[in-house]
Each structure stands twice: as C-alpha cells, then as structure tokens.
Amino acid sequence: MDDSGPLHLLEIAISFGDCDPAGIVYYPNYFRWFDRCFHSYVAAHHGGHDALRRALHSRGLGLVSASGRFRTPGLEGELLRVEMRAVSWSKRTMTLGYIARVGERVVIEGEEVRAIFVEDGAGGIKAGSMEPFREMVDG
Amino acid sequence: MDDSGPLHLLEIAISFGDCDPAGIVYYPNYFRWFDRCFHSYVAAHHGGHDALRRALHSRGLGLVSASGRFRTPGLEGELLRVEMRAVSWSKRTMTLGYIARVGERVVIEGEEVRAIFVEDGAGGIKAGSMEPFREMVDG
Amino acid sequence: MDDSGPLHLLEIAISFGDCDPAGIVYYPNYFRWFDRCFHSYVAAHHGGHDALRRALHSRGLGLVSASGRFRTPGLEGELLRVEMRAVSWSKRTMTLGYIARVGERVVIEGEEVRAIFVEDGAGGIKAGSMEPFREMVDG
Amino acid sequence: MDDSGPLHLLEIAISFGDCDPAGIVYYPNYFRWFDRCFHSYVAAHHGGHDALRRALHSRGLGLVSASGRFRTPGLEGELLRVEMRAVSWSKRTMTLGYIARVGERVVIEGEEVRAIFVEDGAGGIKAGSMEPFREMVDG
C-alpha cells in the first residue's frame, strides 16, 4: 500500500433530502457518509462487513470516536467526493481520516477511530487486537 | 379494547433536522415516526420488539406495505401527536392506521400493514399466522 | 417520451447504516430513495429543484401521498436499481411509479403523488396547475 | 446561570429504527440528537431557530466542528438522557458539551462548535460575532 494514497474513494450526489432548512447538508449526514465510505471499502476489499466480522471472530468494527470539521457548506446537486485513508494504527484501534471535496473545494475533514469489538466473556464487549485487520489492510 | 380508541399515542417534537430545504418535514420522516410509534407501543405493552419476536417464535413484525397522505405541512417547532389504531386484521397481516395532528390540524394520515415473519425452512422468510399477536392485543 | 419506458434510473448501494437490527433495509429509507430518484431526475433534466421551482413560479414539487409494497427484503451490500415512471397525470397532480430491484428480484414497488405547491395568497400553499410541468416532461 | 449546570436536558427513547444490524444505535444518530438537543434549547429559551436567526441578523447558528466519544453502546428500548452545557466561548464560536447517559451509564460524550453565520457581502457566509448570543445565554 502506498501510505500517502487513499484506501478508498466514494462519490455522493448530495440530494434535496440530505439538506436542512438552511439549504445545506444536515451535518449528521456527513458521518453517515464516512460510515458508508468505510463499509464500501470493506465490501470492495474484504467481502462485506458480515464476512469480515466472522473472519475476525468479532461482533464488528465499531466506533470508538468520530469527529468532523465543516470547512464549507455542501449544497444540493453537488457531487461530493469522499477520500478515506488509514492514518494511524494502535494496538486496539485504527484511525481513518476522511476528506470530502466538491471539485477542489474542501467541504469536510474528519476522523473515525474504530475497534474490533469482541465478546468479553461477561456478557459485554471489548476492543480486541487490531493486528489481524492491519495485516489484511497492509498485506 | 375499545375498538374506536387508539392503541397508542406518541408525541414528536418536530426539530430543525427533521425538515428539508422547503422548511417542512422531510416526508420519509413521517414513516420513521409511524414505525417509532409502533415500537413504542410494543415496548409499553409487550416488553419490546425482541421479547415479542421471541414470544411469537419469529424474526419480527415487519412491513408488507406502508402509505401516507400528507394533508398539511409539519413545521419545525411544532408538536406532532401521532395516534395509532389496529384498523383491521387478516389471517397473516394486521393493518395499523395512523393519524398525526398538530393541535386539531391533521398533518398526515397513513397505514402500515405488518406481518409476523417466520423462517420458511428454505433459508427465506414468510408471513406466519397473525392469530397469536391478535390475542395479545385484543386479549 | 416512450410511455412504457422509465423516466429515470438510480442505483443505490445498500449500506450497513441503511439497515435495522433485523439486518434488512429500514423501510423509511425506501422513501428517501424514491425522493432521491425524483430529485436526481430533476437535476439531470430540469436543472435541479431550485431552478425548476423558479421556472414553475412555485415553492416546489411536494408530496400529496406516498406508498410502498415491500416484496422482498433489501440486504446490506446489495445494489438496488430504482426505476421511476410517470404513470399518470391529473390537473393538479402527477403520479410517479417506482420499482426497485436487486438483479431480477423486485424489492419494492411504490408511488409518489406530487403537486406543484404555490402561494395561495392567504399565507398558505395550494396545488397549482400541473400542465406546465407535464409539458416539460412530455415535451 | 450556574456555570456548572446544564443549559438543557433532552430525553430520547431509543427506537428500533435508530439501531443498526449490530443491534446498537447507528452512530450518526447521536449527532442528530446533539443537534436536536440544541434546537430544543433554542425553542425553549429563544423562540426557535428562525426567531433567533432573525434576532441575530444571521443565517443561523451552524456548525464549525463536531465530535463524539462512544463510551458504551446505546440499545433499543433504552431511555437516553442528553445534557448540554456551554463549555466555552470565543469571539466567533461557542463550544457546546454533551453527555448522554442511560441511567448512570455514560453512552456518549461529545462537543459541537457553533458559529453565527452571516452574509459576507460576496455571496458567501462568514462567522459573525458571538457576543450577542452569549449575552442572551448568560444574561
């Protein structure tokens, strides 16, 4: 993997129903599109979330945290191009970086920190080792 | 059960993010609120969807069809009062009727037709008998 | 216009976040996709909703009613192909018919009835003549 | 205002349709609830977003950034209690802090940074002075 390159690209056509009474994208939708981009990557490279979940003996790759910085408003009819990068790895988490642009204009930059959630043996879940997934991504 | 009375009532405070660039409720949200009303009823009277699903040896009470007639626009800041009735039953379906008002003003009327989905023994699902749930509701 | 042909086609990649705890598409999302398909058509053929709204001296092409019949569940990772047709016109409404399939399998069939909402001169809105838009579509 | 106290509280009944195939709240919904809490506060104390927007001669109180840390999963049927605080002010932004709990259990902590967007005189928008709103809140 070229470390400077995006893991995945996803285009979103911003629709009327994605926008709020101010006429711009309702901001929680950007997080839906980050998540959609991640799952689109998983579908393209790892057989989908369900197959990946089973390959990792886990409940899934869930969220530890998420953030976004809204640079310019996204407008109805615009084509938003979302880029996703694996910006860092820790023992139990990965950090995905997102930049979404309309043409050259940056609309939003953000991050998701994800963990591989496994059963903790006491009815709950905990973050398992990220190593197996890192190997699948970097392999 | 008084046949003319609602099975359940749910109040929704219409928020900025529920509305579209025309400044009125984005219409798919009304279906989210119909579904929310149904699940609020199930939580209040039948221990929640998961408990009900198990009591009925089923995958859940899913949708066969849904419809809505938008009488007047719902606006940000309004309090929408959703009423749900069991309007009819067939062997394998129930029809829920919804009326949602702001004060006396009708905003939307609609229906959901739901079935109890069970495994069909061939890897798919089919609509099972509605009788057990009808007894729970009418009991 | 070939009356038997679709006005518009839209592909939706069903994502994890479109699905509910039963693992299938959460049904209000189908209405979001009907609406997205309509607006995608308007963007492709009429310059977007805002331009169309102004060309028609109106507040927009809003909903009178909507309905859907859920034939088979839509699943995460599937590619849903939505077809939209203009199935009928009345003096003040148009009826759009939708069929969405995964491969040959029908997932949902539905309708939207839309009107051109104009100011009624008393602070409210009313359905104006559909004729100007019909000419734009059939032209 | 007691600086240590919340500006606003909002209860959300977590519903089936708020959850994803993993059976937990789909994370972008937490941001919808942060935003809903903010607008509920504005409705309760400042006459709603539209009135506030006009009082501030602005386009609205939009987002500069948002973030969330997901401590424990929120589950269908749980009652989520969202607390909102004004944690800091700058010349052109305010930072709102959110903590959402089910009972004593923290589900999510997060922030929204908001600005008062005004016309920039060149067809765009810019962040105006936060002072007038700060006076309304602290007054």
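Quick notes
The first chain written gets the first letter, and so on, giving A, B, C and D; residue counts start at 1 in each chain.
One rule holds for everything that comes next: a residue touches a chain if its C-beta (ideal position, glycine included) is under 8 Å from a C-beta of that chain, and two chains touch if they have at least 3 such contacts.
Please read these numbers as outputs of a predicted model, since none were measured by experiment.
Ranking all chains by how far their C-alpha centres lie from the centre of chain A, first place goes to B. Note: Cα superposition of chain B onto chain C, rotation of 180 degrees, nearest 5.
Comparing chain pairs A-D and A-C, the larger number of C-beta contacts belongs to A-D. Chain A and chain D, compared by their mean Cα positions, are separated by 23 Å.
Remark: chain A and chain B have CA centroids separated by 32 Å (rounded to whole angstrom). Centroid to centroid, with C-alpha atoms defining each point, chain A and chain C lie 29 Å apart. Contacts with at least two other chains are made by residues 16-17, 21, 26, 28, 32, 35, 49, 76 of chain D.
Contacts from chain D toward chain C in the complex involve residues 16-17, 19-21, 23, 26, 28, 76. Chain contact summary for the complex, chain D toward chain A: residues 21-22, 24, 26-29, 31-32, 35, 49, 59-60, 62-70, 73, 125.
Contacts from chain D toward chain B in the complex involve residues 13, 15-17, 32, 35-36, 39-40, 43, 48-50, 76-77.
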